[in-house]
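We call the chains A, B and C, going by the order they appear; numbering starts again at 1 in every chain.
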Amino acid sequence: MDNDAQTGWPTRSLSRRTVLTTSAVGLAVPAVVAPGAAPRREAAAQDGTVKRVTVYAEALPGNLYGYGLAPGEATVPGPTFEVYEGDTLEITLVNNTDRRMSIHPHGVDYSTDSDGAPLNNSFNNPGETRVYTWRTRGMTGAGGGSRRFMPGSAGYWHYHDHAMGTDHGSLGVARGLYGALVVRRRGDLLPDRQFVAVFNEMSINNQVAPHTPIFEARLGQRVEWIAIGHGNQFHTFHLHAHRWADNRTGMLEGPADPSQVVDNKDLNPGSSFGFQVIAGDGVGPGAWMYHCHVQSHSETGMSGIFLVRNADGSMPPGAQDAVDRFRGHAHGTAGAAGRAPDRAQPHEHH
Amino acid sequence: MDNDAQTGWPTRSLSRRTVLTTSAVGLAVPAVVAPGAAPRREAAAQDGTVKRVTVYAEALPGNLYGYGLAPGEATVPGPTFEVYEGDTLEITLVNNTDRRMSIHPHGVDYSTDSDGAPLNNSFNNPGETRVYTWRTRGMTGAGGGSRRFMPGSAGYWHYHDHAMGTDHGSLGVARGLYGALVVRRRGDLLPDRQFVAVFNEMSINNQVAPHTPIFEARLGQRVEWIAIGHGNQFHTFHLHAHRWADNRTGMLEGPADPSQVVDNKDLNPGSSFGFQVIAGDGVGPGAWMYHCHVQSHSETGMSGIFLVRNADGSMPPGAQDAVDRFRGHAHGTAGAAGRAPDRAQPHEHH
Amino acid sequence: MDNDAQTGWPTRSLSRRTVLTTSAVGLAVPAVVAPGAAPRREAAAQDGTVKRVTVYAEALPGNLYGYGLAPGEATVPGPTFEVYEGDTLEITLVNNTDRRMSIHPHGVDYSTDSDGAPLNNSFNNPGETRVYTWRTRGMTGAGGGSRRFMPGSAGYWHYHDHAMGTDHGSLGVARGLYGALVVRRRGDLLPDRQFVAVFNEMSINNQVAPHTPIFEARLGQRVEWIAIGHGNQFHTFHLHAHRWADNRTGMLEGPADPSQVVDNKDLNPGSSFGFQVIAGDGVGPGAWMYHCHVQSHSETGMSGIFLVRNADGSMPPGAQDAVDRFRGHAHGTAGAAGRAPDRAQPHEHH
C-alpha cells in the first residue's frame, strides 16, 4: 500500500501508467513534480532556488508525442512543473523524437535563446539536447509615483512545443506535447490533489469519452484543477456542483473581492487557469461531470468524471453505476443496484 | 391599468403572452419570480428560507419546449428564479412533455440526485414528477491559515435541461428549456427592471430579429441584464451606450476595484453574467441596440432593442421610428417625422 | 532627426506611411493623437476639456477604407483617440467615400444622434459631413445606501463604422474602418510607446504575415498595447515573454489585487483590452512574437513581432536574423551570423 503521507490516499490501485496518463495524482510539491512520485507538502520554499530537471521528448503509441522525466516515461499531458515566485527552472530537453521540437512556457521569464520558437532559432533538432531556462519573480512597483505593481509570475500556466511541424508547433501541440506549469506566491494554499485537463481540439488530454480521465478525490480534500486550452476550436470548461472565483487563485481574497464566481469558463487556445475546490463540499460525494459546455463538443467526447469518494475512500451510493454508465456509454436509465465499493477503474491508456 | 407599485410602470399594454416571451418585466422579487406577476421589492430576506415551487415542462408552438410556473404557461426562457445566499429552492418538476428531460442548475449546491444529469440517473421520464433541491450559501473561510474565502453562491446563474435528446440535453437546450437563476448577497441592490437575454445558437431567446425582445425601461430606472450563452456557437454580447464592470455585480465595489469596464463580453455556451445599468444615464432615452458583435450573427438576426422611454413613460423623439425600422427591417434612412408616443409594440410570440 | 522628447526615440527611419500603417509610434498624449505627430507627455489634463477633431473617411489601396486626421492621410487602423475621464470628444466626420458610413464608439457616452447606427438614422451619406459627440465621466456612487460605484468611462476602447454595407457596418469593419479609443483616469501612468493590434477576421490590422506590424521599443520603455477584436472569428492574443494583469490597466492595483495574470487572452469581435509592459523586463531585448494562439490562425498569418531593441536603440544579437526570417518566411534554422544593428525594416504598406 502506497499512501500519500498527507492524505492517506491509497495509490496502489492506480497503475503507474494510469496515473501518468490521467495526471490524476496529488502533486502538492513545491518545485518539479514527477507524476507518480509520492506527493510532499511543504509550507514554504527557499527564495531563488534553482531547480534542474531533464525532460525527454519521445513518440508514444497512437501517433502521439509526450514529454517525460525519464526515457520511456513520456505522458500526455507531460509532467506538471511547480515553483514559487523567485525560483528558476532549468530544463535540459532531450529530443528523442525524429522531428524538430522545443519547449515554450507561458507566464515566466526567459531570454530569446530559451523562447522555444524557431523565430529565435530556439529548438532541438532530432536527437539534440538543449537547455531552456525559465525564471520567475514577485510583483514589483510600477514606479512613476504610482502605487501599482507590475505583476509577478504567479499563475496557473502551461508549456508546449513551438517547433514541431511548423514554426508555431501546430503538429507537436496537436499530438500531445504540452503540460501544466504552476507558479505559486508565498502563502498560497497547497492542494491535496491536482488535476490537469487540456481541452485540445475535440479531446481532453488527447482522449475522448469514455477514455477521458476520471479524476478522483475523497470528500473534503482540497483539489486543484488546472485547465489549459489548445488547438483550433473554442471551448468552455464546466464542472458540476463546484464553483470558483474568476481570479488568480479561484478563491476570494477577502469579503470585498469583486470577482465573479463561475462554474463555466472560456478555455481557448493558449489560455489556462486554475482553481481549488473542496471535493464534494456542500454537495456530497458522487460522480460529478466535467465537460466542455459547447453541446456538440460534449456530445462527441469532451466529457469526463470528477469522482468524489467518501472520506474513508469507499465509493458512495450510485457512483459506481455512474462510472459504469460513463464507461459503457450506457446512456440513460441504467438502474442497476448498488455495487461493491472501490471498484472505480480509472481509464488506462491504450 | 396595472402599475408596478415600485415604479409606476404601466404594464397593461403588454399582453401577458408578450411579457412571458420577452421576459421584459421588472422582477425585483427576492425569491421565486413568476413572469407577469407584479414585482415586489424587499430590502432583505430571512436567512435560510426554503422556497418551494412547482415547474411544468411542456411543448410550445414552433417546435419549442418551455418551463412554466403553471400548466399552459411555459415560456422561453423559463421563469427567473431568485434567492438570497442561504436560501434553498425546492423545485417540483412536472414533465408534461413526451420526452425524457430534467432541470440542471449552475452555481448552486445540489446532491447527485438533483444533478439533472442522466449520468446520475437524475431526470424525469415523460409524465413523471420529480423534486430537485438547490441549496445556496455565503462565502466560508478557506482555512489553512489563509485569509481567503471559498466563494459563496451569489451570482447571475442559469438552469437548463440536461436530459432531452441526449445525456447532455442538447435537444432540450436547443428547443428552449433554459432560464435565469439569480443568487443575491445580502445588501445587493435590487433592480427596477430585469431582462434575460439568452444567446442560443443563432438566436436570442430562440427568436431572430425582428422578433427578438424589445426590452423597455424608463429613463433613470435601475435595469438588470442577465445574459446567458447556449448552443454550439461563440458569441459576444454588446449593449449600446451603457457599460458595466466585468465583475460579480457589474458595479465597482469601490474606487480601488481593479475590474475592467466593458460594453462587450464573451457569451459562450454554459456561461452567464449579469449587471445593472441606469437606463439612459448620461446618454438620454432612445432605442439602443443590443446585439451579438460577431458580424455575421448580428446580420442574421442576433440583434434587439433596449427601449429607454422618457421618465414619464412617453416615447422620446425618434424612438418609434427606430422601433418601426427594426420591425420592418426598413434598413437605413427612414426619415419619417416624429410620431405619437407610447406606440412601441413589443414583439408578440407567434 | 526627429526625436521623441521623452524617450529620444529616433523616428526619422520610419517613413510616415509606415508609421501610419503600423501604428508603431509613441502616442503618450492626453487627448487627440495624430499618428506621426511628436508624442508629448502631460502629467494631467484639465477637467471637462472639449477636444474637437475632424476625421476624414476615404478609400485606400487594396480595397480598404480608413479614417484619417487629414485628407489623404487615412490609415488602418485609424488614429488613436485619447482623453481623460471628464473630457468630451467632438468629431466632425467627413465622408469622402462613395458609400454610406459612420463612426460608432465603445465605452463612452453619446446621444442617439451620435450612435453611428442606421437604427437611429445616425450616419453619413456619401460626401456628407456630420458631427458625433462622445462624452466621458468618472465613476459615480451607485446610491441606495450602497458603497458601490457605477463605473466611469476609463478603459481601452475602440471605434468603428456601423453603417457601411449593412446596418451593422460589416463591410466597413471588414475593410478597415476601425481604431482605438483610450479613456484614462487621472493618475494613470502614461506610456512611452503605444501599439494597436486589431484582430480582424484572419488578419492583424488587415495585414497578414509577413506584412503584419513590427512594433518597436527600446529595452526598459513602458509600452502600451491596445488589442481589439473584429469580424466573424474567435481569437486569442498572445505575447511572448511579457505578461499582464487581466484588469483595467494590466497592472496590479496593489498586493491584494486578486486579478489573474495572463499572457494570452480572448480577443473576440467587439471586445478590446489594453495593458502596459516594460519592454524586455526580466527577459532582455530581442524579437518577441505576438500572435493569435489559435493554431491555424497563427499559421496563416496572424503573427507579428515585438522588436525590443537595446536601451541605446541598437539591435540586440540575433534580432535582425529573426526579423529577416519573419520577413522572408525563411522558417526554421536560419543560422546566419549577427548582422549590423539598426537594420530592422518595419513593414511598409503596399
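The rule is simple: contacts are C-beta pairs under 8 Å (C-beta built on N, C-alpha and C of every residue); 3 or more make two chains touch, one makes a residue touch a chain.
Molecules present, by chain and UniProt name: A, B, C = Copper oxidase.
The shown structure was predicted, so the numbers you read here are calculated from the model rather than taken from an experiment.
Of all residue numbers used at the contact between chain A and chain B, under half are used by both chains, marking a mostly different-residue interface.
For the two copies, chain A and chain C, the CA superposition rotation is 120 degrees, given to the nearest 5.
Centre to centre, using the average C-alpha position, chain A and chain B are separated by 34 Å. Across the assembly, chain C contributes 234, 245, 249, 252-254, 257, 259, 266 as residues in contact with two or more other chains.
Taken in their complex, chain A has these residues touching chain C: 100, 106-107, 109-112, 115, 117-121, 125, 135, 137, 139, 142, 144, 146-155, 166-168, 170, 173-174, 229-232, 234, 245-249, 252-254, 257, 259, 266, 268-273. Across the complex, chain B is touched by residues 187, 189, 222, 234, 236, 238, 240-241, 243-245, 249, 251-266, 277-278, 281-284, 286-289, 291, 293-299, 303, 305, 318-319, 321-322, 325-326, 331-335 of chain A.
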